[in-house]
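Some notes on the structure that comes next.
Letters A, B, C and D mark the chains as written, and numbering starts fresh at 1 in each.
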Amino acid sequence: MNQDITEKLQEIFDADTGIYQQRGFQRRVGFGSRPALINIDLANAWTRPGNPFTCDGMDTIIPATQDLLAASRAKGIPVVYTSTAYEQPTGPNSDTGLWHLKIPVEVLKVGTEAVAIDDRVAPLEGEQVIIKKRASGFHGTHLASFLNAHKVDTVIVTGVTMAGCVRHTVEDAIAEGFRPIVVREAVGDRVPGVVEWNLFDIDAKFGDVEPLERVLSYLESIEHFGVENVAGSSGS
Amino acid sequence: MNQDITEKLQEIFDADTGIYQQRGFQRRVGFGSRPALINIDLANAWTRPGNPFTCDGMDTIIPATQDLLAASRAKGIPVVYTSTAYEQPTGPNSDTGLWHLKIPVEVLKVGTEAVAIDDRVAPLEGEQVIIKKRASGFHGTHLASFLNAHKVDTVIVTGVTMAGCVRHTVEDAIAEGFRPIVVREAVGDRVPGVVEWNLFDIDAKFGDVEPLERVLSYLESIEHFGVENVAGSSGS
Amino acid sequence: MNQDITEKLQEIFDADTGIYQQRGFQRRVGFGSRPALINIDLANAWTRPGNPFTCDGMDTIIPATQDLLAASRAKGIPVVYTSTAYEQPTGPNSDTGLWHLKIPVEVLKVGTEAVAIDDRVAPLEGEQVIIKKRASGFHGTHLASFLNAHKVDTVIVTGVTMAGCVRHTVEDAIAEGFRPIVVREAVGDRVPGVVEWNLFDIDAKFGDVEPLERVLSYLESIEHFGVENVAGSSGS
Amino acid sequence: MNQDITEKLQEIFDADTGIYQQRGFQRRVGFGSRPALINIDLANAWTRPGNPFTCDGMDTIIPATQDLLAASRAKGIPVVYTSTAYEQPTGPNSDTGLWHLKIPVEVLKVGTEAVAIDDRVAPLEGEQVIIKKRASGFHGTHLASFLNAHKVDTVIVTGVTMAGCVRHTVEDAIAEGFRPIVVREAVGDRVPGVVEWNLFDIDAKFGDVEPLERVLSYLESIEHFGVENVAGSSGS
């Protein structure tokens, strides 16, 4: 069925692309010079079987992310992970906001194995793991000011899900002033079609969807990430 | 072709719905008791022919919005419009951020007829027209604090485009703690397919997609919007 | 010296009050009907001796906060704590932003006893302890959307420091649409004078400074905090 | 009386400085390499006599700001103005939030001469004039993402009032990741003492308070502000 869906959707995308091109959409945001790697919700609830949040495609997503992690760390760029987790599903101290009214966030408990980052793509000591409460990695977190303080200009995005947290993060990223680059092989979801149509929308309006190989070449080409005179340095 | 596309997409949606239902997604956020009406980018650049941003479907969207405006004003709820417009397309004072690198925002100039709200759905004196710079009506605007100060709990959303500003606004709305209700007949876009798949994603994860008739019945059923003891009142 | 300072400052405040009153400042924001208690940085680094962040006045602040906690929990209102803590003081993954360039935030490490809430005012299971990176409890956190989802209209603020985190939190609170009530006996700082002048500025422009007794009476007077039809309930 | 107040306050500041220095506060945030000039509320309601918002010290503030404008424009850096203004003081569409409950914002109407920038420091065509609804220039505005998209690292702040909008803007600036530089001669307020104590607090914790001459020297020393590869450029 996937093959069939892909073909059907491609037919629509081709028609849409004709209109977008004529209207001046689908431009390239391009790569900047100070990237960060942002890994969205690559925690066990999403990357392993048996959870309502389990996603497909980990055979591709995990190795692609491993490659990106290695290339990013080689250049010393900021590496950020997000996970989504809650202290309290109900009552006056509940931190789920209204989201439990739409999706089963009540299974995502702070401090459990389910919301820990998958150890195949584990963070190194000191890399930020941001526990977010909403879809976007930017919403209600210090991500924007973290990136801004480091004068990051480009965010390379991996993870899941395309129809949820990855898309909202990418929309917020360009809104905040960062160039979003979504790595085709490193993103996924849990139902057919949504990866394709969300990548299509993003590439038309919010960020560039690029193959892994091109992103790795870019990372190889940049200078090592210096912190002189910015956040993390020892003075002015 | 639209008929064909709709059928193809419906087939995908049906398969996806099976998975979502089994997993506990696609819940109902439901209507609250203090709604506001948020009309996204129903300005001439989007509602009239001849602009890169021109959208389809105004024969349905405009009358649906007119009905919602009448019902909303009858109950005295907050009515908000957004438009997207810029002072300066290039240079160190440019307010387009990075968005001009993806889409043709350079045609949207502050103060021009193109970015004025379509007079078929014109705001009344005092209704907020928020000039935003990014896709979401919440990003970089006073919309969240405006709604919060009025203790609004539900946002009824109309306008364009589904793949851009409407979707990002809805994602932000639930993140901020407002119940998003998207009115099926009152939203649109400019290329085939994107209305359908974005409504599908939203209904699965971020807000409820409801027919006009149901939203009008809801508005008829609520109490008149009081401002005692909240923003806009004369004291504590 | 404190007595002397207080007198000198009072003389200035009296002169200023004459002008503010004539101009229509120093109004009362008043109490709403759905409060939350927000305890700012009552962690050991601030409440116990021997840290660069150690504050004065805990003989008053701790018992006042204990009274407020009891009264708040009796009515089932949301109780929130903040602490300020960092994963990484330097390098490309540093989360201190630029703040280490002004103040010694490098001593505040995530997971240490120093940044844990003082056990004399310990949170109950499920009460939110928000780890913030900046002065305001709202900046880069889910506090605003947490309060908004619960339809809170009033924030009762305790903690330290008046010249830093408490003041910034109060400014943000009214900006977001919450009525800030600062409890006179429950706030403090580490150098003379700054409590007085920051309370003066706040009461003139951003929130009401109220004595503990009055706030306790208010809490006694309100209805138990219900969660029907809002965040934390089981559905619409 | 001003002389007397200044002396009394200086005595307190000296005592506080002893403690702060010992504790490691009052560090220098320093100048970065890509500044912007942010002029807070230098509109007629604040700069001219006869308004509840009228401030003192314009004999110094206006010429200092004129010097900063000239130096900033010579280097082509972003120049931003804010003003505070409202569409609607009361009712369900009021945009004053809760602030009218504390201060007389009802006199600040959008589109009136009172909220227009003082023509002695008038913006040039294309320079951003941000109409804000709250104290901070960042709250509910596109200021952070505007600065971020231009990769600004330093904000030079002028205007009024020290106890309100200037202070809140500076606190938000460092929180967002920008180095705040407050120009001593270019800021003011309307009641005695508050300029001094707010500058003291800011210099201790949030930004550097610098004399005009030093800021002008800095502006003379920097390179012309390029926009290659950032917001406002024509491509990737």
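The rule is short, and it goes like this: a contact is a pair of C-beta atoms (placed from the backbone, for glycine too) under 8 Å apart; a residue touches a chain by one contact, two chains touch by 3 or more.
Remember, predicted model here, so these are calculated numbers, not experimental data.
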| item | value |
| --- | --- |
| Contact-richer chain pair [A-B vs B-D] | A-B |
| Averaged-CA centre spacing for the pair chain C and chain B, given as whole angstrom | 35 |
| Chain centre separation in whole Å, for chain D relative to chain B (CA means) | 33 |
| Chain centre separation (chain A, chain B; CA means) in Å | 25 |
| Two or more partner chains touched - positions in chain B | 27-30, 97-98, 101, 134, 139-140, 144-146, 149-150, 175, 177-179, 231, 235-236 |
| Chain-level touch network, classified as line, ring, star, complete or other | complete |
| Chain A to chain B touching residues, read off their complex | 1, 5, 8-9, 11-12, 15-16, 19-20, 23-30, 52-53, 97-99, 101-104, 134-136, 139-140, 163-164, 167-168, 171-172, 174-175, 177-179, 190-194, 197-198, 201, 204-207 |
| Footprint of chain B on chain C - complex, ascending | 28-33, 144-151, 153, 175-179, 229-231, 235-236 |
| Of chain D, residues touching chain B in the complex | 76-80, 87-98, 101, 126-128, 132-134, 139-146, 149-150, 225, 227, 231-236 |
